[in-house]
Amino acid sequence: MAGFFERIVHLDRRWIFLLVLVSVATPIVIPIGLPVTTTGPTRAAFEFIEALHEGDVVLISFDYGPSSAPENDPMAEAVMRQCALKKLRFVVCALYALGGLGLANNVVAKIEGEFPNLRDGVDYVNLGYKDGAAAVMRHMGEDIAGAFPTDVHGKPTSEIPLMKGVHDLRQVKLVFTAATGLIGEWWITQVHPQVGIPVIIGPTAVSAPKYYAYLNSGQLVGMLGGMKGAAEYESLLRARYPELAKFYTTTRAFTATKGMDGQTVLHTVILLLLLLGNVAYFRQRRASAKARA
Amino acid sequence: MHPPEIGVWIAAFLTIACLTFLYKDNPFFRFAESLFAGVSLGYYVGIVLNQTLLPNLFAPMRENFGQNWDLVVPGLLGVLLYMRYAPKIGWVSRYALAIYVTYYIGLDFTRRIHGEVLPQLARAILPLSSLDRATFFSLVYVLGVFSVLVYFFFSKEQGPITRRISRLGIWFLMISFGAAFGFTVMGRVALLIGRLNFLILDWIYPTLGI
Amino acid sequence: MRLAAGLSLLALLVAAPIAVATPTGTLPPAPPEIPAPLSFTAVDRPGDSGDAILLTWQDPPGLPADAMIEIRRAQPPADEWAEVAEVKPGVGRHVDTTARDGNVYRYEIRVRSAATADSSGIAGAVGPPVVSDPAASHDNWFRFERTNSLIAVVLFIGIILGSIGVARSGKNIFIRKIAGLNALDEAIGRATEIGKKVMYIPGSASMDDIQSVASIAILGNVARATARYGADLDVPNKDPLTFASAREAVRAAYLAEGRPDLFREEMVNYVTYDQFAFTAAVSARMIRERPAAIFLIGYFFAESLILAETGQSVGAIQIAGQADPTQLPFFVATCDYTLIGEELYAASAYLTREPVLLGSVRGQDIAKAILIVLGILGIVAASFGVHGVADLFRTQ
Amino acid sequence: MNLEFGRVTLVILFAIVPIVGFFLGLRAPALRSRIPIFVGVFAGLIPILSMYVPKKFIAGPTGMSPRLDQWLIILAGFALLLGIVNVLQNNMRKISRREKGWPFSVVLLIGLFVTGGFGVYGGISGQGIGIAADGTPTPFQYVTNWFFQPLQSTIFSLLAFFMASAAFRAFRARNTEATILLVAAALIMMGRVPLLELLAVPIPSLQPAAASASQGLGKLTEWIMKTPNGAAQAGIIIGAALGAASMALRVILGIERGYLGLGKGE
């Protein structure tokens, strides 16, 4: 037995890697469908958007790249669906250099397909990508058309019907940033102080803890923390709008809710490993103390 | 269902080659890693040229030189960076670096005090008068902020009281680190889910015709 | 279409006073009177960069339920009124950001009831207008709402410069032990003994982040130690400007130690600009070359754990350092020592013991002490029911 | 020619002064470091002033601070070539000396030239680097989609494995601090996912209890993240901000100048 624990304490990490691979791959092939409990920051974000009025303008900023797409894509999709259902008008932009635009285009195309009534330029507009995130944000605070002279199709921003009456961020009711790194934080530390616009952030799980400080200080309205936050948002959305269920139950497409199955299994596996590691550690320590005595 | 296109096969091969690094270093990984280093650098050549230099430097100068004549200067400063390869006058590259660094550091300076120190302090000023759960939570918060700050005192030898407070600060730090670690596992698993989704849903299933 | 609406508006405007003057009964009932907004002013918006005029007013009592406030503007001497905005009641202010500096404007404000005929009986009836004094926008010299932040900045600069002055005058300054920095020499020494290299990664950020600047300062000290011991140094870089700085710093360190012969250009090398391509290449380098000591100091992002776990698996002594809290948990879990937060910035003072640097660390401590005292005073005041203490520190 | 005050000042400070400095520096070596530091003081003061002085010439949309921002984005663009030169030097050397693993240097250079070539072609031809006018991806986009992005995402996803191995090794209750770390991590991991529900799957009668316990755990997680974690983060942020601001001051004033390769008193 002591030999077993000895081996566990110094376990080759490749066994752990194998375990991780198996426990994440299995639920993709065989889904479980576990329930999701919602948390305060996500509910705050959801209710804030719910309280907006028809015709209000929301800015959705794609501040992430393909590497965090499994986390951020479902957030952007969920918020856009909510805007479409509530008839909020949304302005899309991308400030992340490495593929933010491609992701924005994908998500917009997907939502266009789901809501055929949406009119480009009237109900939403895709302004495309602009380099120099912080400077662009500050510029948008003063003049959106100045920061983005044309939309993604090359149409002058000032001629787009939606942008009539939307000169700068002061006429926008909310910024939602799906973000992987610093850019999301700049919305809070630079744009929010500049124009006082409410900000909701959808950060990757890793940066989420940092934003609690901003939630506490009131600089942030709400937050969708990582894939769990996205899954929570999906479940809030499905509860409020049953007509959305069809987007969240197809077998081929990926949703954050499905991702949570793999998450749960792997979290369980890691916790069991922690338990095993500690039991082994104490057994071994006792054994070596005995040996010394 | 169409069989996956050649691009999917390339991506699948590179994905698996990278994953083999977990087992051990091997020629497939080394191939993928070298290719990645080259492709990524080439990628940024394309990105920087098309998304930074063309729209910010060349296009404005070509379209309206009168308004943008001053952009000659950053172009020249950019060239100065390469002067380090000229042995005698390598020192002129310092100008470019000094301007770049101090501008952003200046920007950072006010951002730290204006955007971080003051708002975070404002947040820690909480009334602790009533006896309820909210006050207890506020007290925990206040203790946390100030004990961590005490831990960061460098120039004063710790007395018995400050030593205890700073120990408390370390405990708060440990809670925070543990919590943040646990919180992050999710995000990382999400990435792996993304890759395995690709391998299973976009490559294996279509190849097998499922 | 718009012309027709305008004409009918005009007709209404003309008709309204007549309707009031006529005795009731002979004509259809008079429309409910629409009140005019009160205390309307138009002034330059204070504390901005110009091109904006601030309009303020008070909603009059007895507004129709669906009324809007209509704002128009004219440029004297011309008397053509152009619509600027229509806002909901209850706001009481509007900023006209379409104004241009150097122009003089007059603004007119009036209440417009609903445009549809069925809600109040009259289609788009408007109340009497109130016209402002002429106003012009200009840029200003100070943002008053940032007074608190300016005071803080000035105070901070004063404290730091004062402490540096005191330190320069020769006062001895104590600095507490920082374990990660004590281990630095030991790690380099061990690398020299077993003939393996020392790897120093100055983060993934460019020189626009101050953590990179701090890391380069520490790198200077590490390079001096490797020059002294004769250990091999390897500094792979992600950012080209950090790379340029790092090379200068290492070269200067070898020169300062009198060992320019040991300095090789390849010690500080560039890998690639992509975060993960960099990570893959450097991790692979760790596995292949098995450095004895690895320093991960600077601003790291998600790559932190891949680098540190790989470094751990090759058995290197690892010292990490980062001021931003996001990656600290991973460094704490995988590295032997971690410089946490402010420790990163105190490091160069600790390593060099230069009075100027020690003085500024002392200044930071004084600033912290003041913050703690202010915080506690604020909490006491807030607990005794003084409102708005925290607002003194909120910035805009 | 736009000769706004702010713009002309920028050109004088950051072009004329360096040019004069260059010629002076040829004769007086001491000025080779002093004038760059002097210029740096101004570059550092501009953004600080623009924070409080909203005058057009400094903080307006084309004022000194935003304009300098635009300048430096361009400067940073030039810097990439600095790195590329170094990569070429290092790999060419490996290839010419037939150092161990030199074929991989060939792979690297092919990747660099092909991808970079597509990017340059896209820029010069006006085709761009995204989707071409006919809706097909440009060659650059093709390489991005099927080479660059899968590689990037896969290396990123290695973190899932490393999280597990790091947690297993590091989270052991060796002492008080390590125990706190372990307990906090374990609690949060439990609270973040419907783990109790998963464990209750085989026993249906326990499921409601598991759900409510899970809800409670979720609340606890939220509290830990918000209160003790939020407090520690705020403490780190405040301390680090003071350290950063003090360092910034030293850099702007030219006291700290290791980043220029200048030691004390050089």
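As written, the chain order gives the labels A, B, C and D, with residue 1 at the start of each chain.
What we mean here is this: contacts are C-beta pairs under 8 Å (C-beta built on N, C-alpha and C of every residue); 3 or more make two chains touch, one makes a residue touch a chain.
Quantities reported herein were computed from a predicted structural model and do not represent experimental measurements.
Student: Which chains touch each other through the most C-beta pairs?
Tutor: Per chain pair, the contact count peaks at B-D.
Student: In whole angstrom, how far does the Cα centroid of subunit A sit from the Cα centroid of subunit B?
Tutor: Chain centres of subunit A and subunit B, defined by C-alpha means, are spaced 17 Å apart.
Student: Quick one: subunit A and subunit C, Cα centre-to-centre, how many Å?
Tutor: Those two chain centres are 22 Å apart.
Student: Residues of subunit C that touch two or more other chains: which are they?
Tutor: In subunit C, residues 146, 149, 153, 156, 207-208, 210, 213, 241, 244-245, 247-248, 271-274, 276-277, 280, 302, 325-326, 328, 330, 332-333, 340-342, 346, 361, 364, 368, 371, 395 touch at least two other chains, as defined above.
Student: Give the residues of subunit B that touch two or more other chains, as numbers and ranges in rising order.
Tutor: Within subunit B, residues 18, 21-22, 30, 32-34, 36-41, 43-44, 47, 52, 56, 81, 97, 100-101, 104-105, 108-110, 113-117, 119-124, 141-142, 145-146, 149, 152, 173, 176-181, 183-186, 188-189, 191-192, 194 contact more than one other chain.
Student: Where in subunit D do residues touch two or more other chains at once?
Tutor: In subunit D, residues 48, 51, 61, 69-70, 72-73, 76, 79-84, 87, 144, 148-149, 151-153, 155-156, 158-161, 163, 165, 167, 169, 171, 181-182, 185-186, 189, 192-193, 225, 229-230, 232-234, 236-239, 242, 244-245, 247-249, 251, 259-261 touch at least two other chains, as defined above.
Student: Which of line, ring, star, complete or other matches the graph of chains that touch?
Tutor: complete
Student: For subunit C, which residues count as touching subunit B in their complex?
Tutor: 146, 148-149, 152-153, 156, 173-176, 178, 207-210, 213, 241, 244-245, 247-248, 271-274, 276-278, 280-281, 283-284, 287-288, 325-326, 328-330, 332-333, 340-343, 346, 350, 358, 361-362, 364-365, 368-369, 371-372, 374-376, 378-379, 382-385, 389-395
Student: List the residues on subunit B that touch subunit A in their complex, please.
Tutor: 22-23, 47, 51-52, 55-56, 111, 114-116, 119-120, 122-123, 141, 176, 179-180, 183-194, 196-197, 200-201
Student: If we count contacts the way the header does, which residues on subunit B are in touch with subunit D in the complex?
Tutor: The contact residues of subunit B facing subunit D are 7-8, 10-12, 14-15, 18-19, 21-22, 30-50, 52-54, 56-57, 66-82, 85, 89, 91-92, 94-110, 112-114, 116-117, 120-121, 123-124, 137, 140-149, 151-152, 169-186, 188-189, 191-192, 194-195, 198.
Student: Report the residues of subunit D in contact with subunit C in the complex, numbered from low to high.
Tutor: For subunit D paired with subunit C, touching residues are 48, 51-56, 59-61, 63, 72, 76, 79-84, 86-87, 90, 148, 151-152, 155-156, 158-159, 162-163, 165-167, 169-171, 181, 232-233, 236-240, 242-251, 255-256, 258-264, 266.
Student: How about subunit A: which of its residues touch subunit D in the complex?
Tutor: Spelled out, the residues of subunit A in touch with subunit D are 11, 13, 16-17, 19-21, 24, 32, 34-37, 39-41, 65-69, 98-99, 101-102, 131-132, 134-135, 138-139, 142-143, 146, 208-210, 212-213, 215-216, 228, 260, 263-271, 273-274, 277-278, 281-282.
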